[in-house]
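The two complexes that follow have chain A in common; it is paired with chain B in the first and with chain C in the second.
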Partner chain A sequence: MVEDTRADVVVVGAGLAGLSAARSLLDAGVEVLVLEARDRVGGRTHSVEEADGLVIEYGGQWLGPTQDRVLGLVEELGLGTFTQYSDGDNLQLTDGARLRYQGAIPTGDPVQAADLIDAMVELTLTCMEIDPARPWDHPLAAVLDSTTLETWISAQPYSDGAKQWVRTLSRAVFPAEPGEISLLHALFYFRSGGGVEKMIGTINSAQETRISLGAQHLSHGLALPLGDRVRLNCPVTRIDRSHDDVVVHHDGGTTTARRAIVAIPPVLAGRIRYSPPMPGVRDQLTQRSFMGSVLKVHVVYARPFWRDAGLSGHVTADTGLVQITFDQSHPDRTEGVLVGFIDSHLGRTASQMSEPDRRAAVLEDLVRMFGDEAANPIGYYERSWIDEEWSRGCYVGMMTPGTWSTLGHALREPVGPIHWAGTETAVIWNGYMDGAIRSGEDAAAAVLVDLAAHGLRTEAAR
Partner chain B sequence: MSVERETIGAAELEEALREYVDKANASPRARKTLATWSCRLHIAATDVEDAAFTYVVEQGASQPLVVGLEGVPDLVVRGHSFDLAEIFWGDANPVSNYMQGAIKTQGRADDVMRLDAMAMFIFLGQ
Partner chain C sequence: MVEDTRADVVVVGAGLAGLSAARSLLDAGVEVLVLEARDRVGGRTHSVEEADGLVIEYGGQWLGPTQDRVLGLVEELGLGTFTQYSDGDNLQLTDGARLRYQGAIPTGDPVQAADLIDAMVELTLTCMEIDPARPWDHPLAAVLDSTTLETWISAQPYSDGAKQWVRTLSRAVFPAEPGEISLLHALFYFRSGGGVEKMIGTINSAQETRISLGAQHLSHGLALPLGDRVRLNCPVTRIDRSHDDVVVHHDGGTTTARRAIVAIPPVLAGRIRYSPPMPGVRDQLTQRSFMGSVLKVHVVYARPFWRDAGLSGHVTADTGLVQITFDQSHPDRTEGVLVGFIDSHLGRTASQMSEPDRRAAVLEDLVRMFGDEAANPIGYYERSWIDEEWSRGCYVGMMTPGTWSTLGHALREPVGPIHWAGTETAVIWNGYMDGAIRSGEDAAAAVLVDLAAHGLRTEAAR
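Presenting the complex of A and B:
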């Protein structure tokens, strides 16, 4: 059914950012309408309960200390959580060797480990000099932004193994090849998460906690009070704007509102047609934004057999499709689940393989990591985020080298009545669920100020 | 996870920490990587009443240990005496998941990271 609707504010995207924005506005007495292209809320979180009750987390899943907004929402919604399993030794597969270690830094090779600590200290101390709200203001922004992370890695006096591990880290964290992003972007991202150490570990780090029912329940909880103000299957195709109004065209009709918050990744925001067109710098920015490349696989076994060998399930490897794994088992269930990430160029390669070939390659990787028992799973689930029409990648959108320093200012700056949200616009925990929530709340606050400044009455007031 | 650990007396903990200070000054990696680091640390065992120390790093050089808590700390480190001793002796990985949960720090994230780095260099014999 096609219909014309009115609202004070229309929000594009029912992920955590859009729903957080909408809820904040609703709480402030503003009438909102959320338009979502998919047939579900949650964006890049997607938790599916399979027939046997096992929850598969196809998208974002981890929470950690200092992620106060998402932790607050978990508490507010009364969602149960559990600690990421991390007992036992991690494994590093490097140069054909299989080294055990504990913590975030592989210690099997002491010289390599010391190099990695050097790298972590150097990157963290440098990132602390970046203002995450204005990375382009750094005195060396132009230099840092014209240097790729790969150039930086190659120039360091580290062992080859250490350099390789930092490359693997880049693929896992961003997820992008270190040659695809600038050093400025990497430093900005590390800064927004509080430093490298905070981002790569489990305990006391970003991978510490999971939500028992699945992370998508955060969005279900946010959407509940919004009721039918959330419209699914409504991809937005065009936004017309005037000084004080927007008309948003979508598959369900049109919506006229005072303001719009576009809460989708910049590269997808750039695919909407705007009338009048976006200012050149904004469009140049979205042209230079790209999504990370990742496939996420869950491999289910009758039991977490790797724990018998004193292994945590966390592996970093320098070969194979799957180069990062974690123990994904739920503490209340008997199955053992390994989650693997196929990142960056490996993700692009894997997305072009047939499902059976990909599955065979994944199992081959897991056998190399955990032994022959890994060859016989009882379940296999995968998601290629690259192929998701309404994300076109995960976990986060990034900037190509040279973009932050020249066009970064256009990332958050409203264009007339159109405001921007999404984890890509977050200053703190950019790329994470926490950042998405913060960005939505910040955009809602900015819209409220904007409406008040222009003396615009809301639907409720009328 | 509950772990039974023996209590380490204040004197032994002091000895371990003095050895740690010597190792920090002898570590070429720590001296190079942390050359610009200055920090006043208060270190206290949660299970031994009089086991509290002031450890000062000036431009990467560890100063002689002071028994008791002196001055305003940049970083406070607390933990069970056994866990602290394991780290000071260089016997335990200071950034293992267990230690990350067992040792509590209060202060700026970059100071915590530098302390972790120093402890790791000592643990690795680098």
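Presenting the complex of A and C:
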């Protein structure tokens, strides 16, 4: 059915950013319409309850301290949470050895541990010099932006094992090969999350807390009061703009509004056709933002057998497809679940394998980590975010080398009546659910100021 | 008017690549339809004859030795050519000094000259190790792809002036800041053109020959026999594909065909919606390809006054917006014309200036190069390729660091009935008009093999 609709503000994308923006606007008495390409809300969060009641978290899932906006939303919606299991020892598979350790940084090999502590301190101290709202203002921005993180790693006097672990960290955090991103982007991102250690650990860090029903319930909760203001299956193909309105063309018809908030990753925003076209610098920015490459797998066992051996389930490895795992078991249930990430170039490789081959490779990795019992799961679930048409990668869009320093200002700057949101535009916790919510709230606030400044009455006021 | 059309093969893009593909197919008895977004053919070539008969070359314009396909087409179409003016001295403005030199590499400062010869030899010898059809096969591909060209430049024991000149070369050749591209991409590109010196000089190099009527006449000549098989003003928005046909949706209707050749830059190909969607690796490749940033200006004077001072009109400078110029005068005419390029980050800056401010800055640059006479032109023409909706940059799309080594194989690999062309897919003279023609001919040949292998009769045979 093709339908022409009107609203004060049209929001493109019903992920956490778009829904947060819509909610803020609605609360301020502004009529909104949210257009979502998928048949569901939640964007890069997707929680599916299987027939037996087990929740599979195909997308974003963790919360941690200082992520105040998402924690606030959890509380407001009354969502139950639990703490990421982290009893026992973590495991590092490095150069054929199996080293046990506790905490965020492997300490099994003392030489390597010293190197890694040095790397964490160095990166954290340096990142604190970056203003995450304006990385291009750093006095050495041009230099930091024309050097890759890989060049930095290679130049350090660290052991090979330590260097390899920092590369694994890059794949796990961004997720990108350290040769794909500049040192400036890496430092910006670490700064945005409050420092490297805050991002990589479990307890007191970004992998601390999970939502019992699944993280997508944040979006379900935001969408509920919006009712039929959220339209699913409406991919936006084109946005016509004039000085003070927009006409948004989508699979369900057109929507005319005073303002638009485009709350999708920059690379996907660049694929919408605009009339008149976007200014050159905005378009070139979207050409220079790319999505990370990741597959996420859940492997379900009758019980969390690794705990018998005093293992936490958290492993980092330097071989295999799955080089990072966590215990994904739910505290109220008896199954043992491991979650594994196939990151960066490994994700690209894995996305080209057949499902049976990929599953066999994943189980081989888990056997190497946890022993023969890992070979016989009772359930296996996977999601290639690279192959998701309306995300085209996860967890986040990143800037290519040279982009922050010369085009970064075009990331958030509205173009006429069009504003931008999405976790890629967040200053704090960029790339995380918390950043998505912040970006949506910030864009809504800017739109309200914009509307007020132009004396445009809202639909509701007419 | 919306119209449903049929063809054996539909070609997206009526630049040199698409038209060359269509011509080859038509010659083989295959019915083609070419869909072009613009209101003209020629893509990144655009030659406009002004009222007084002066031809302005807004886009690609030069041919040189070993560019056999484009030289062959010139001959076939009977187009007149002339040799790029290069009498007299070139000029290098470096660190406040004005140094005269001849040939491709500045020799005014002997220390710098030694450095630059070393750089040219080093880059040329190294690039010859790369197979331009498979850069990812180089034994050090991963290392070369995770290091930027800027990191390489900074690490050389060259004088500051020499380093600056290599950076200017990067801006002029790609055009990109050396911090935006990997060493692997740079070496691939140099190799594809036959070595650095082959690319940067005038005589016996890639800036040797021009077409009298303008380079766009190559496309006019290719389009002529295609007649109404070329449809203008038909931006393609979506391609549905099955095992053995495609339905291409465009502003003028739909076209159903056995095969499609998408002959536009990868980043723009990624903005078309595909159903079913592209495989992840193909999509991630298009996310990691970006267009260079360049504005091209023509400044017209009553006569080529710089020749009086024994100057060739070719300048490289280390300050200003315009850091590279050539004598653009036509041998049959009396005007003196200078062509200037505003490249890379300078192009992005210039595209945000008002036209009068930009013009003033350009003239200031030319006065610094050629003296006060340069302040009073009789004509000024400019084109920001960054702001061209259907190119979104020039001269060429480049790979971001890390892309060739892990995703390069997805550049040319057909996806079902969809084949890829465009100068970005060329193995030889990638980024040049010659590469565009080669890519179109290669794609047409692959489609013919594909059609023959699948026993699909052509429209003409039915």
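Here is the rule we go by: the second predicted complex is superposed on the first by the 462 of 462 C-alpha atoms of A that agree within 3 Å, B and C clash if a C-alpha of one lies under 4 Å from a C-alpha of the other, contacts with A are read in each partner's own complex, and residues count from 1 in each chain.
One rule holds in what follows: a contact is a pair of C-beta atoms (placed from the backbone, for glycine too) under 8 Å apart; a residue touches a chain by one contact, two chains touch by 3 or more.
This one's a predicted model, so the numbers in the text were calculated from it and none came from an experiment.
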Which partner reaches more residues of chain A (counting touched residues only), chain B or chain C: C
First, second, both or neither for A:E424, with chain B first and chain C second: neither
Partner chain(s) touched by A:E382 [first = chain B, second = chain C, both, neither]: neither
Partner chain in contact with A:Q102 - chain B first, chain C second, else both or neither: first
First (chain B), second (chain C), both or neither touched by A:S182: second
Partner chain in contact with A:G270 - chain B first, chain C second, else both or neither: second
Touching residues (chain side chain B, partner chain A) in the complex: 1, 29, 33-34, 93, 95-101, 109-110, 112-114, 116-117, 120-121, 123-126
Contacting residues of chain C [partner chain A, same complex]: 142, 145-148, 150-151, 176-180, 182, 235, 237, 267, 270-271, 273, 277, 279-281, 283-284, 287-291, 293, 345, 348, 351-352, 384, 386-387, 389, 392-393, 400-403, 406-407
Residue ranges of chain A touching chain B (in the complex, touch as defined): 86-87, 101-105, 107, 110-111, 113-114, 117-118, 120-122, 124-125, 128, 194-198, 201-205, 312
